[in-house]
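Each of the two complexes below includes chain A, the first together with chain B, the second together with chain C.
Right, the complex of A and B next:
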């Protein structure tokens, strides 16, 4: 049995460097309301709710439970949480809808990076025996990958700068983005990566509504049907992996059906310019594919929500009729350790 | 009216005590003895640092080999501004190093004068820490080395005197905590000896402490309502174990208190009455100590007990 499941609505906050006047639930709630308003659904209409976030960003255990105030968890609801990017929460919701248990799901994700030092916080996801005691920060690990790409001749610093410039130029059209337009490429943060090669650090949230079959058609004029979705992981040890490639992305894409027909749009979760180089190669994206028209993670990278934003942006393009078949990618872990690929399609439109 | 949100430093610090499996134990004990061990995979590759399960086949692997303290940089990144906890306090290169005899690379730091002195393919050697305990930091860092590639992996039984079986990995993260708008207003009001809740625009319930959202309706709350100061004990427990760093004599009573005008009970300590005389329905009021920014405890008001019907919804 296969059920057709679609993204029927997407909303996101403006992504900002700090939002300390807001608690997490205060930041999240407008987004939840917006995504519900788009479909006319109330929280009590939602069959399953799933969220993604990380307590390490807030520095408080079980911080995600307070966010549940925003979804009206009384009377009791069917709810789940992943300590990962919301893209993985969407994956869980998608499998829940596949079972036929329910017809609608709300997926949300949020991250406030402003309270702490995200470069240091992310070291706590590394191998605790051999790597974490050295405190290699997230930029340093991405820089090792970037240098490997340069050494192998896959890119160079001017090409990386061009990725940054294109992303932030595209973000001009994205009112939610944190970094837009002409942004100085800046000094080295960790050589060979400069500030321009790195994502902005900021706070933000996103929410998506999924619906199955005819319910999706009722809720959305042109649903973004999820044709396939898959996620894969690689060895945690960086020295075991081939850093200039992303076999896990390629395999996830293959399992999601991405290579069956060309896509016209790709929303890639590449927080660092060099990672876009890796992903384009792994996904065999040609120059005719529109990559990150939203500006991507280089324009706004709310940790734990940025991957869900990629799926939402890809879906929104289909909703608006700007794309017929889009690929959305989310990543987690150092140097693209874990990768999720979703393939979204709009129903064929009659040729005029 | 917008008030400045409250902020305070928040430090999360913990010494994680981790036990080691047989392979990690041998590897880290080896480092203490200035011996670098790897492990052979099913297909004959040598992994350094070693793991207990083959990353390709997931087979359990235990065959240890000794590799050289010299190796080749496979990739690098120049870190001009070292951060807390990193191996060197002066600018250094992060490196992945494939030690001679190994097929995979180890992440560590390379002490070099500047980025111009580092390149992939350069030869390096381990600089051992003066004091070694059986941890990855027993390798102080790598340093440039002109030696030619030397050393084959040689079998090793992985046994040393007094094996290291665990590590303590200290972790500290620093945050600036802010409770957001609703809780800032609540905390500021407490300092003025007022208790404020927020009313849900949909269900009209008054939440205290307010968190800016109605958990029943899932909508934002903003309308402030002053509640109390009087309240009713809805339920309670008697605490018999003294908490560390807490200067309160046991036994004492901890209670849920429905403040007048609130639809949600908050909790607080009951004082000014023997612990065995506290009861459901007892009328109480908050007590601020001199200069206190929040109620220290609640004490009986002397009013007659509240009727059960008046507080049963707040249980």
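Right, the complex of A and C next:
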């Protein structure tokens, strides 16, 4: 793995509770234009395109095929799709760039949660024979995890409330966030999780451009170099997992080189306050690490794009010179079943 | 930087049938994966990462099933990717897996594709209403039949060609123990007498709905050196996509398919596909797509593909055998169908295809397509390692 790959541009929508007036393609188009404009590239300049989305949010099979129309895939392009969060699409694009086949990649992801009941929809990703028929919803499962953390003494309800307050205060500075400023911690949704412990339900899209080596330096003043990226999955059944820990996150972080030197920033995909507790522990993040300066998934959680947004936000801080070494994390599945960790670095700022 | 050579050292598939009521989805994929490991004489511990593909989640009613299948595929503690590129997904999934090896991120990767259509109803899954879009209403056949009719008009092909393909593929399937349809009493007359479904496509010229899974073990040069049986070597692989519907699209011979094949041939050093490629496993869900793809892939000039079929060139003992396994016409677990083409191509160059083996198959093309003829993935595998 000798090739250097960097995130050179990032764009996202304003994340909103509903976007009834927009199709997925219409929601995505401005983001694609924006990320291309940031580099001056056109669709035909891009060597590889990869996206992440889910048919179950759209409520129909092959929903991603229409998004391709938005990309403008003519003449035909080299393109692929993961039925996962866009963070994994970025991983696929990263391996493609490592092979040396191409120097640039466009990665995008989108999700509209507003047309359905996302708590019900997510039950369909559980074991279809033994668990899904019971319809245990995503908040209830996260609440089991939160209660386990409280029972083990890792956190308590006031500490969780503080995570929520900090995230939403930070989101004040993020014009794309769905929930900004002080938001009441609220009533219990599923004990011990209150409204403030849960992510907003919303629609949104994000896009990133990756480039290799000198191409990255041409396209971006301060590229966010991907020093390592890895992802790991755990067993599906909650009954065989230690819910208060995240061994898959720890292993992915180790393989990505996250523990070799301290990071100054971490963008964590923790849709629930309690999951930030688990991730901080697994990633050994101290209090000196700036966690979720964007407000994180508690401020905006466009499903299938939220993980890619974490990588984009971390990269954008490096682009702006606000971070030198940042960690970005994405998750999939109930109670943090699958986790991806990327380590991004900017070149030292005193070098012109 | 040159990429790592990739070898296929293990292949496993299930016996494809209309309904595998004896196994869960997890049981089905486990069976194929275990057979691939057995072929490679490897264990679950030898696998560094898993790449899984299938067609829409709606076909079984499970959202992102890779989460549930992690345990069954020995992926716990490992990286697991889930690819979905419509009907081409089986091919794309294999290519994503090859890139993990080519980039030297991982040494040995398990890739698998499946569909358990009996859990739901694919026709329903394809017919959900879409706001602001013309509905397909009649599944895939309703979409593709006009394109077949356009091909017949453009090429002047006699209307008997489609039945010849179906008759050939169903006879080939009799030699493949894993094929779904084993029609021992098949005759050309029976194909031609079968009911018209979507004019000009007859019932016997369409693919069945299957439950099934296929798995492959991909590894690097060092892994290939340890393989107990001959490996298949990757000589070229590519994906191409174009929009579903637009005025400039040629639905009979999409440019994405032509470009994808050209990229594969360039990588593999193929100057004349008709001469340099020994056999083809191509994605033919409706019989007329054999002559159409022969042209699209460069095996025949425009308007000439049907002549190869009619002359028997694509028969198992012909000069360019096509769909030796029986093809998609005989076995269609949709999300797996593309990877079955890739795996059958690899079996041929390994010399392990059994009764449907083509003598001396050294370079074989595996082909998949999906969506409204808009997604293409292909690979060319050889019995010898690539020279460059």
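Operating definition for what follows: the second predicted complex is superposed on the first by the 349 of 352 C-alpha atoms of A that agree within 3 Å, B and C clash if a C-alpha of one lies under 4 Å from a C-alpha of the other, contacts with A are read in each partner's own complex, and residues count from 1 in each chain.
The definition used in the following text is that a contact is a pair of C-beta atoms (placed from the backbone, for glycine too) under 8 Å apart; a residue touches a chain by one contact, two chains touch by 3 or more.
The structure presented is a predicted model; accordingly, all values stated were derived computationally and were not measured.
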Practice problem: Could you look at A:232 and tell me whether it touches chain B, chain C, both or neither (first, second, both, neither)? | Solution: second
Just chain B (first), just chain C (second), both, or neither: which does A:291 touch? neither
- Message: Just to be sure I read the superposition right, which of the two partners does A:333 touch: chain B = first, chain C = second, or both, or neither?
- Response: second
First (chain B), second (chain C), both or neither: which does A:124 touch? both
(request) Using the touch definition from the top, say if A:164 reaches chain B (first), chain C (second), both or neither. (result) neither
Just chain B (first), just chain C (second), both, or neither: which does A:64 touch? second
Discussion item. Per the contact definition in the header, classify A:32: touching chain B only (first), chain C only (second), both, or neither.
Written reply: first
Now for A:82: first (chain B), second (chain C), both, or neither, which partner does it touch?
second
Practice task
For A:253, decide between first (touching chain B), second (touching chain C), both and neither.
Solution key: neither
Intersected contact list for chain A, partners chain B and chain C 23, 56, 59-60, 66, 68-69, 72-74, 121, 124, 128-129, 132, 235, 237
The residues of chain A that touch chain C in their complex are 1-3, 23, 49, 54-56, 59-62, 64-66, 68-69, 72-84, 88, 91-92, 95-96, 98-101, 121-122, 124-129, 132, 230-237, 247-248, 251, 332-334, 337-338
Note: in the complex, chain A contacts chain B through residues 20-26, 29-30, 32-33, 43, 56, 58-60, 66, 68-74, 114-117, 119-121, 124, 128-137, 140-141, 143-148, 151, 188, 190-193, 235, 237-240, 243
In their shared complex, chain A is touched by residues of chain B numbered 2, 5, 7, 10, 12, 16, 18, 20, 24, 28, 47-49, 51, 55, 74-80, 83-87, 94, 96, 98, 104-109, 115, 120, 135-137, 167, 169, 171, 173-183, 211-220
Interface with chain A, chain C side, in the complex: residues 1-3, 24-25, 55-71, 75-86, 92, 95-96, 99-100, 102-105, 119, 125-126, 128-133, 238-246, 248, 254-256, 259-260, 263, 371-372, 374-375
